[in-house]
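We just call them A, B, C and D in the order they show up, numbering each chain from 1.
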Amino acid sequence: MSDNKTHADWRDKLHEIIYEADTPAGKLFDVVLLIAILASIILVMLESIKSFDDKYHTFLNISEWIITILFSIEYIARIITVKKPFKYIFSFYGIIDLLSTIPKYISLFLAGTHALVALRALRLLRVFRILKLARYLGASNQLASAIKASRAKIAVFLFAVLIASVIFGTIMYLVEGEEHGFTNIPKSVYWCIVTLTTVGFGDIAPETPLGQFIATIIMILGYGIIAVPTGIVSAEYTKAGGDDKKKTSNTDSEQLKNIQLNTQCCVNCLTETHHDNAEFCFKCGCKLHHD
Amino acid sequence: MSDNKTHADWRDKLHEIIYEADTPAGKLFDVVLLIAILASIILVMLESIKSFDDKYHTFLNISEWIITILFSIEYIARIITVKKPFKYIFSFYGIIDLLSTIPKYISLFLAGTHALVALRALRLLRVFRILKLARYLGASNQLASAIKASRAKIAVFLFAVLIASVIFGTIMYLVEGEEHGFTNIPKSVYWCIVTLTTVGFGDIAPETPLGQFIATIIMILGYGIIAVPTGIVSAEYTKAGGDDKKKTSNTDSEQLKNIQLNTQCCVNCLTETHHDNAEFCFKCGCKLHHD
Amino acid sequence: MSDNKTHADWRDKLHEIIYEADTPAGKLFDVVLLIAILASIILVMLESIKSFDDKYHTFLNISEWIITILFSIEYIARIITVKKPFKYIFSFYGIIDLLSTIPKYISLFLAGTHALVALRALRLLRVFRILKLARYLGASNQLASAIKASRAKIAVFLFAVLIASVIFGTIMYLVEGEEHGFTNIPKSVYWCIVTLTTVGFGDIAPETPLGQFIATIIMILGYGIIAVPTGIVSAEYTKAGGDDKKKTSNTDSEQLKNIQLNTQCCVNCLTETHHDNAEFCFKCGCKLHHD
Amino acid sequence: MSDNKTHADWRDKLHEIIYEADTPAGKLFDVVLLIAILASIILVMLESIKSFDDKYHTFLNISEWIITILFSIEYIARIITVKKPFKYIFSFYGIIDLLSTIPKYISLFLAGTHALVALRALRLLRVFRILKLARYLGASNQLASAIKASRAKIAVFLFAVLIASVIFGTIMYLVEGEEHGFTNIPKSVYWCIVTLTTVGFGDIAPETPLGQFIATIIMILGYGIIAVPTGIVSAEYTKAGGDDKKKTSNTDSEQLKNIQLNTQCCVNCLTETHHDNAEFCFKCGCKLHHD
């Protein structure tokens, strides 16, 4: 505990604001960050529209610099408020934060790299973090656990889809040939996935009767096997709901779920999803800071 | 109760006819309204077909005026039979009724606004109200409650789809570039949603091998994640059915459902879905009128 | 019973062969009929391929006449073996049998009506009747009952889809206009259904940014609401399975299902799905004939 | 048992390595085989890309010969380590192994048959065998049993889809005719399946109002009936999960599943999925070899 006490107070405060969402200041920070991210995405989008960029180039450029500098400040603040900065820097979000901030600086020195500013769109992933709000917490946790439980089955399924695509793609390449757009096997496999997933762009389409017959089989196969992942997730989900009910048969399960987890984030190891009444991080034992 | 007695008798009668569907007159009114709405939609459709409009312009115009005047009368009748007219005027259906009636009058003074007559299609939404018939009442209530229960989860899901679209759309813009139709990021994102939802228009299609590879990932992702909302609704629906069964284990649950709700509509606050044996509105306490 | 006795024996025999599938002769008749139907479909298909028809016109024509005469004999046999011939003639299958046999005769007198021979494809519907075989009987009954139970809900759902299509179609007509392929409202509605059902032909595609934005909403809507019918059928199906299990908890439910129904068909009123140990038709009380 | 003892020891060893995955050597063999198969697929793909083949033809050719020889050795080894070689040779995987090895040899004598090398893609099916790893075993078994249980229902469903396609395809041929791309009935049926499965290439699209109206019905039908197989698999899957739970209510069902089956393969009849503690093959009674 003495280890925690020596940690500067303003750093703790800043940590709570930046990493957590339980205090009013923390919530405000998250909302501002959310708006900044959305604004930066819209800027990148507008800039990519040539007619718009020609008109408002200066405005867009200045706005981008403001956003870039704000993100840079946030990046530095995140580093200095964590005890083990490298843990953050090399974490998933740390790398995304860097990748979405640095291209603008690079574009000063290297011409032609400006398009990379679009990498900023990756920042949208942080939205998942920001949405650690009470209401959606339970919903997304349930979703995540249903997907997690059916992970192995979905992997087997996707594997089967890929293998079917390669085999059918190769057959279509042999049947249709280059003259009908199936110029090589990878392209045939691409077409096969387009068909199997029922997307059907139509940029390539079979023209020989045999090719159309095989396409028919692929389509019906694709139409039928969509039932498999749906069935899996659905069953897993029903089961998860059932298990939940059994475990919490004596208490209000909904309320329980909301109590269980909060948005606190350990100052030492950045672990999240602590229990609401937790005093210490369950990963590193470091004390958690309440208001 | 004295408050209700003072309300003119013919108004009460009219209210019952217009807003409810329990009396023969009320049912007849609903059927006539349904036919009028469908007729008005068909008129708008026929008018938009140029070759048809050229031939029968006068007939279409007169028919439209008849429908418009009928709808105007209905609008006024709805206002005068409700105790708090503004409650209706600013309600969802009140605004739609106005929006679908007024363009025809405006087109008299302002040329070029005629196309807005098509807004009348919004009136179709009223069909949901008219279908307050015994049989579909239970079905649509069950549907609505299943969707309501899975609202938060579907919001999380749609959010994830949108974020994935923005990120993949940006990547595709960087990979494919303007020469292959991905002229700007919003268009790339549009293409990405077209692909992720397995619609696949084919107006834009990736042409570089890397672009096709990423498209493959997007398609399989889209094909896989369709399982998520399906699983949610399915589980929620099964659960809802299960809960229903438990609650009504001693009685015939089907019969119960049909008894529970009728099409009465409070004269004061327009609240609906009253119990069949209800004497007073459960929202404002105002007396309900039976035949 | 005397009423049944007077019925000629050879007619009873023929009735059993044609309408039922419990005797070896009945099964053979069904298999031959199935093959004849498939052959007639293949003939019609081959005839529609011009290059093939040019080569083998005489062969195709003779084969068609053979099939047509066989079907005519079957049609007459069906009429004379039933006690109330008009019941068969005006039944669903009676009309289809006539429609699929008569165009060939008409084409003798009226030129240009030959294409109507393709109506013979409707005969495929009879396959559902022929497949009254033990194995698929249970499966299709379960399917049918699941669909039947969710009929009202699916109607509500389809209704919602249609209304959404009309409203969005009208909006797209206003937004995109004639110059981008949305030439009139019915075509816009057609495009909207193409998009909402995630088919996405791409023969018409939005080109204005606003149109593409609305298209995005339609697609995500379509992608999301597919979950609704799936959830309904899935839940209904699970429930049906559960109910079955409860009712037959003491006996082997699979075996029970196979016992319950056979392919007997009443000689008087053509009612089907009689219990295996039934002696009399449950509809008209007429005696059933066992071997 | 004496029958088994006389079997050469090195053969038993080799059998264990090639056919099973319980020993380190067996696992290594499977991993090497997996890599070899993937490498051979990638080689075939690269060779089909003309620009790539022109540059690296010699390298690709030599690599293919190496892979072909390796597969030939494996094929021979598989034959000599099994007691009844013809059982393997005429088994599903035996034929695939031959088909994927022999085209390269044939291409030496017969020019133009080189494209058949692509048949090697069929080898990917063996991946399903190799993935007999603990983790995915349970998942794929559960998947397979869910699909197996709903086999009859899915057959009925696919049958209905096919019949609907033929009937609607014929109608569309009559309605749209040759001038709009519906040149013959098979092509119309192909288009109908493309539409019903919501793939929607758009290479053919209805152009007459009536054709578009029928297309609308087909699309909504296709959109609606996708719910059927999903519901079936989902319900079957939920039921399978429920049955499992009941049977293993006292023990950890997950652990049980992993114990039940291993990757041993009978030396005599190639039967698989033996229980972990099995001493003899449950099919032919031949002794199983543990380390």
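Note that in this section a contact is a pair of C-beta atoms (placed from the backbone, for glycine too) under 8 Å apart; a residue touches a chain by one contact, two chains touch by 3 or more.
If you're wondering where the values come from, they're calculated on a predicted model, not measured in any experiment.
Chemist: Have a look at where subunit A meets subunit D and say same if over half of the interface residue numbers show up on both copies, different if under half do.
Modeler: The interface is built from different residue numbers on each side, given that under half of them are used by both copies.
Chemist: Where does the A-B interface recur among C-D, B-D or A-C, taking recurrence as more than half of the contact pairs being identical by residue number?
Modeler: Residue-number overlap above half with A-B among C-D, B-D or A-C: C-D.
Chemist: Looking at C-alpha means, what's the farthest chain from subunit D?
Modeler: B
Chemist: I'd like to verify one number: the distance from the centre of subunit B to the centre of subunit C, where each centre is the average of its C-alpha atoms, in whole angstrom.
Modeler: Centre separation, subunit B to subunit C: 32 Å.
Chemist: Per the centroid of Cα atoms for each chain, what is the distance between subunit A and subunit C, given in Å?
Modeler: Those two chain centres are 46 Å apart.
Chemist: Can you list the residues of subunit B that touch 2 or more other chains?
Modeler: 186, 198-202, 226, 230, 232, 234, 238
Chemist: List the residues on subunit A that touch subunit C in their complex, please.
Modeler: The touching residues are 198-202, 230, 234.
Chemist: In the complex of these two chains, what residues of subunit A are touching subunit B?
Modeler: Answer in residue numbers: 41, 44-45, 48-50, 115-116, 118-119, 121-122, 124-125, 127-128, 131, 135-136, 138-140, 142-143, 146-147, 154, 158, 161-162, 186-187, 190, 193-194, 196-203, 226, 229-230, 232-234, 236-238, 241.
Chemist: If we count contacts the way the header does, which residues on subunit D are in touch with subunit C in the complex?
Modeler: For this pair, the touching residues of subunit D are 152-153, 155-157, 159-160, 163, 166-167, 169-171, 173-174, 183-186, 189, 195, 198-202, 205, 209, 212-213, 215-216, 219-220, 222-224, 226-228, 230-232, 234-235, 238-239.
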